[in-house]
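As structure tokens, here come the structures.
Next, two complexes with chain A in common: one pairs it with chain B, the other with chain C.
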Partner chain A sequence: MNDDKAAGLALASMWVGFIAFLAAVVLGVYQVAERSGTFPAIESPELYFASVSTHGVLMAFVLTTFLVMGFGYYTATTSLGQKVWNKPLAWFGFWLSVAGVLTAAVPLLTGHASVLYTFYPPLKAHPAFYIGATLLVVGSWIWCLEMIMMMAVWKRAHPGETVPLAMYGTVANAIMWVITSLGVASEVLFQLIPWSLGLIETVDVGLARTLFSWTLHAIVYFWLFPAYIAMYTLLPKAAGGRLFSDQMGRVAFIMLLVFSVPIGFHHLYMDPFQAAGWKFLHMTGTFMVAVPTLITGFTIIASLEIAGRLRGGKGLFGWIGALPWSNPMVTAAGLGFLMLAVGGFGGMINASYAMNAMVHNTQWVTGHFHLIFGGTVVIMYFAIAYHLWPKMTGRQLQSNGMALTQLWLWFIGILVLTLPWHQLGLDGQPRRISSTPYDASLVEMWQPNEVAMIVGGVILLISALMLILVLVKTHGNAQAESNLELEYAEPLHSILRMPRLMNGFGFWTLLVVVYMIASYGYPIAQFFLMETHGTVPWSI
Partner chain B sequence: MDPLKHICEDPLERKWVWISLFLAIVMGGMLGYYAIASNIHPPSNVETIDSSRLHLTEEFAEDNLGVKANPDGTVTVTMVAARYGFYPPRIEVPVDTPVTLRIASADVLHGVHVPNTNMATMIVPGYISEVNTTFPETGEFSLLCNEYCGLGHDSMWSRLVVVPKNEGGQSS
Partner chain C sequence: MNQLSPEEEQKILNSLPWGTFALMLLISALMFAGWAFMFFGMFLEHGPVN
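And then the complex of A and B:
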């Protein structure tokens, strides 16, 4: 086996991610059951909010970061055909991230960090929670450095050649993550850690929330990037076709890099401390960030159509039936796109400058991001695992049939969970509540959907257990995998000469910095220009 | 000549890129147009206050909270959000009348939403939230805290009653 591939590093990272994922799904089932009010015996706000905080951290920080890192190491080494830039440093980053997760887990699980994964000052968690989260982020920065260096080393060794699309997307994500994580890093390092240790007395909540918004939107693209990279570079090959356009993939990645960070104010639409004009500016950028997703939709569906027609599909829609739906990557992408289409419409409403007031902080929002993140992104993580596990372990997937059932169950579970949540939100139910001690007319209206979400949660738990079972059994499979090479999709038109702008990131990084200064410069500076009043820590 | 030509070879895909850009600009443009034409903006009010000393301010001292009719016929509602309630806990406002709600937090982060209306804002310690709205229907509404504020968050809600115009507004 080719030693360049970093399969050990990738497997270790992804396993940490999936173990966190399984724990988070178990907590999720407890949460839907507790919250529904159907089982009075398990009702407890202490347990519920500890659980929600842990669920959020495990899903949003742990699963995602480790999946991104593991997939990144594997795509970098296989697409470039090059060793990890500094392997001891990469392992150090991995262990630093693991140490961060374990450090944060203690206060989370003991109810000393029930402040949700969004931190919410002036509620104060135990300092170990903030310190653990910081270590995880610092570990991920090491991954970013590794990715950027690997591309730089490769370009020096291959002057004039085009960086493979998979690597181009991975480095776009690494640069974006460094820029976007600076917001939350500033909040935690300069505000929350010293404040929770008692070194400073108060924290400016307006500044803290502005800094968090800097991170909060682009972080979802950090999670989404591996899904898009798999769709552009692995899916067309798995479907038996070609990638419709390599260049448009680059355009999409560049647009995500440029537009996803400076638009975080749609998370602050309802906050008082930023003027409407700034919110308006960020709203316009928010609509621009829909463009790379629309481009991706076109390119991927066109690539699948090529595959379907090559396999003998005829007519306007006949090619869809001709696709190899027994391939987990194809099935996951198909189901993922359906969820993305539905979730995208919801996202437009959230992004709407004025309409957002009707759904802000209602269960609609929880429904929206579970559909897109829990649906589209996570189902592509499964597909990535099913695609890579045989290549990384040298064992055949055991079994493909179970993998397909798992994907369909996940799709059904997500719909049963999130469609009722959208309805609950329209009916005014707040998110982040552990019970509904409200007016009877509201509570009665909510009840049927409260029961539906339990069914969804249980289906998702069964699906999650099947995922872990398939991955574990694959490690022990006696059947060796014959094809250990990770095959990337060939573009339909071969690349003759890639414009320099689409083969590097210097210009685009500079553009993001300028755009960031324009959209966040004054909104952050204002807190230092006006007289503000900090807030002392409050326990939960 | 299509400026996309040298990055995108396929004419169909170029058409799609233009459609995508057009969609994004039209949707953003429509929202922008309605926001400016109808003067609908999210609640934005850069105004600071010391949340630990609300009782020492004139506006948010306990005696001054509640519903006040203004000379121009509009209504101003002054409220404090604190774990775990809104004060005063019951407010009455007249139907079809411009209402300005000014709310300050005495402790942590809160939010408020009146289901089935567009009355919503975050309430952030250190800042005064201000929402301008009009309630077009009479009836009893719930005012729910919609941001996690601690273990008692679920039970933080109060009552908003929209009454016919001649009955005026009050709080208790």
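And then the complex of A and C:
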């Protein structure tokens, strides 16, 4: 194991993430089975909501944060060719995050934090849940500092040179995460922790929800960034081609940084404490953030087209069949794009101000974010693991065939799980329910989709077990990996000189701050300016 | 891997990604059609709130 590449730190982080992932999948299967009403023996609202909360925390906060950190450390060291900046601090951040997870796990597993992994009062969790979450976020901020410092040190040592695209995307994600996590951090520190400790009697729910919305959408892009970075910088090489455009990647990363944070009000369309004009402004931004995804889709597919044609593919679509589908990275990206297209369509419905009323608080929303996150994001996490494990462990991947089967099973399982889930929402089933004590004809109509979801959940569990098996067995594989270098994709046109704006983040960070003040300044200030009918907006 | 001459390889690298254009057009059309179906076929069908 080459320690200069931070393989130990990256492996430790990713293993924490994947262990959390496996536990979360087990809980997920229980949840679809419990909610369906097919198995009365396992029905328990208390257990269900504790399970949902734990499942959400493990998937959305633990898997993602640790995967982002692990991938980031490995990307930074390999793309820049330098050691981790202040390695003891990096390990401290890792252990602080682990301590945060363990602290939050106690109330979660004992049913004292069944708040659906959200930070929405009046749902109130045990203080340990909020303190644990805070430690996890602070640990992730240390990672952000590490990434920013590593890029700064590299730029000082390489004046005038272009920051490698993988690192550019990683730092864009780090800066975005610092900015977006400030919303929920403020809510937790100044509202939820004092409230849960009994230091204050009540909190302003409107302010809390507004602050959480600050974090709530951009966090999705925090999860998605590694997937996009892998698509831009690893996939074209794995497919045997070139990256169609390095600059397009930078534009996409910059747009994600600028547009993903100040748009959170599409989570508040039905909430009464923000005016329609602000919601419209945020809706416009929400549609803008689709642009970097379209840029990414175009650039990556064009890169794959180059690879397919170099491999002998002819005709308008003949290059698709010529791609090396036996490579897990290629297969995962192809399946990930299919799920992104379907999930993106659902996202457009959610973001449409009027139409949102049709799907608001229904199972459509849960189906949507499972398709985007469980589909596109997580399948690319698998691809990253399969791609990096041989480099990090020095052992060949245990079974390429099993890895491919695992990816296909995950794709099938996600579709079998989430398409009926969307339909349930259109058929009127509310989300955040543990059972369906509704009109008998409605429940009868829902039943086939509920059963399909159980099948989907079981397929996903089998796939998750296969992933862990492949990764564990790779550590013990007797066959040594011959190529330990992580090879990044070459752009189609070599870069002679990158404009300063596309080689740094000073201007873009300032722009996000201005945009944030414009879109969140008054909506937050109003809680301090208007009569709050006895609630305290802030605890200090 | 297909064996290409340097000229053939250069030609591929310099050509426009027509397949990608076609795919993106197809996906965009499907997205627009899907959105229109949801808006006109499902959302407006609900009628006004009573």
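Keep this in mind: the second predicted complex is superposed on the first by the 529 of 540 C-alpha atoms of A that agree within 3 Å, B and C clash if a C-alpha of one lies under 4 Å from a C-alpha of the other, contacts with A are read in each partner's own complex, and residues count from 1 in each chain.
Just so it is clear, contacts are C-beta pairs under 8 Å (C-beta built on N, C-alpha and C of every residue); 3 or more make two chains touch, one makes a residue touch a chain.
All figures in this text were calculated on a predicted structure; none of them were measured in a lab.
Of the two partner chains, both chain B and chain C are touched by A:302. By the touch criterion defined above, A:464 lies against neither chain B nor chain C after alignment on the C-alpha atoms of chain A. When both complexes are overlaid on chain A, the residue A:312 reaches chain C alone and has no touch with chain B. Looking at the shared chain after the overlay, A:354 reaches both chain B and chain C. Chain A is touched at more residues by one of its partners, and among chain B and chain C that partner is B.
Contact with chain B, but none with chain C, is seen for A:362 once the two complexes are overlaid on the shared chain.
Looking at the shared chain after the overlay, A:185 reaches neither chain B nor chain C.
When the two structures are aligned on the shared chain, A:244 is found in touch with chain B and with chain C. Touch criterion met: A:344 reaches chain C, while chain B stays clear of it.
Of the two partner chains, neither chain B nor chain C is touched by A:227.
Taken together, the two structures place residues 244, 294, 298, 302, 348, 352, 354-355, 358 of chain A in contact with chain B in one case and with chain C in the other.
On chain B, the positions that touch chain A within their shared complex are 6-10, 12-13, 16-17, 20-21, 23-25, 27-28, 31-32, 34-35, 40-52, 107-109, 111, 113, 115-116, 118-130, 140, 142, 144-155, 157. On the side of chain A, the complex with chain B involves touching residues 45-46, 49, 114, 116, 120-123, 204-206, 209, 244-245, 247-248, 251, 269-276, 279-280, 283-284, 286-288, 290-291, 294-295, 298-299, 302, 348, 352-358, 360-362, 427-439, 442, 493, 499, 502, 526, 530-536, 538-540.
Those residues of chain A lying in contact with chain C across their complex are 240, 242, 244, 294, 297-298, 301-302, 305-306, 309-312, 315-317, 319-320, 322, 341, 344-345, 348-349, 352, 354-355, 358, 426, 492. Chain C makes touch with chain A in their complex at residues 1-2, 4, 9, 12-13, 15, 17-20, 22-24, 27, 30-31, 34-35, 38-39, 42-43, 46.
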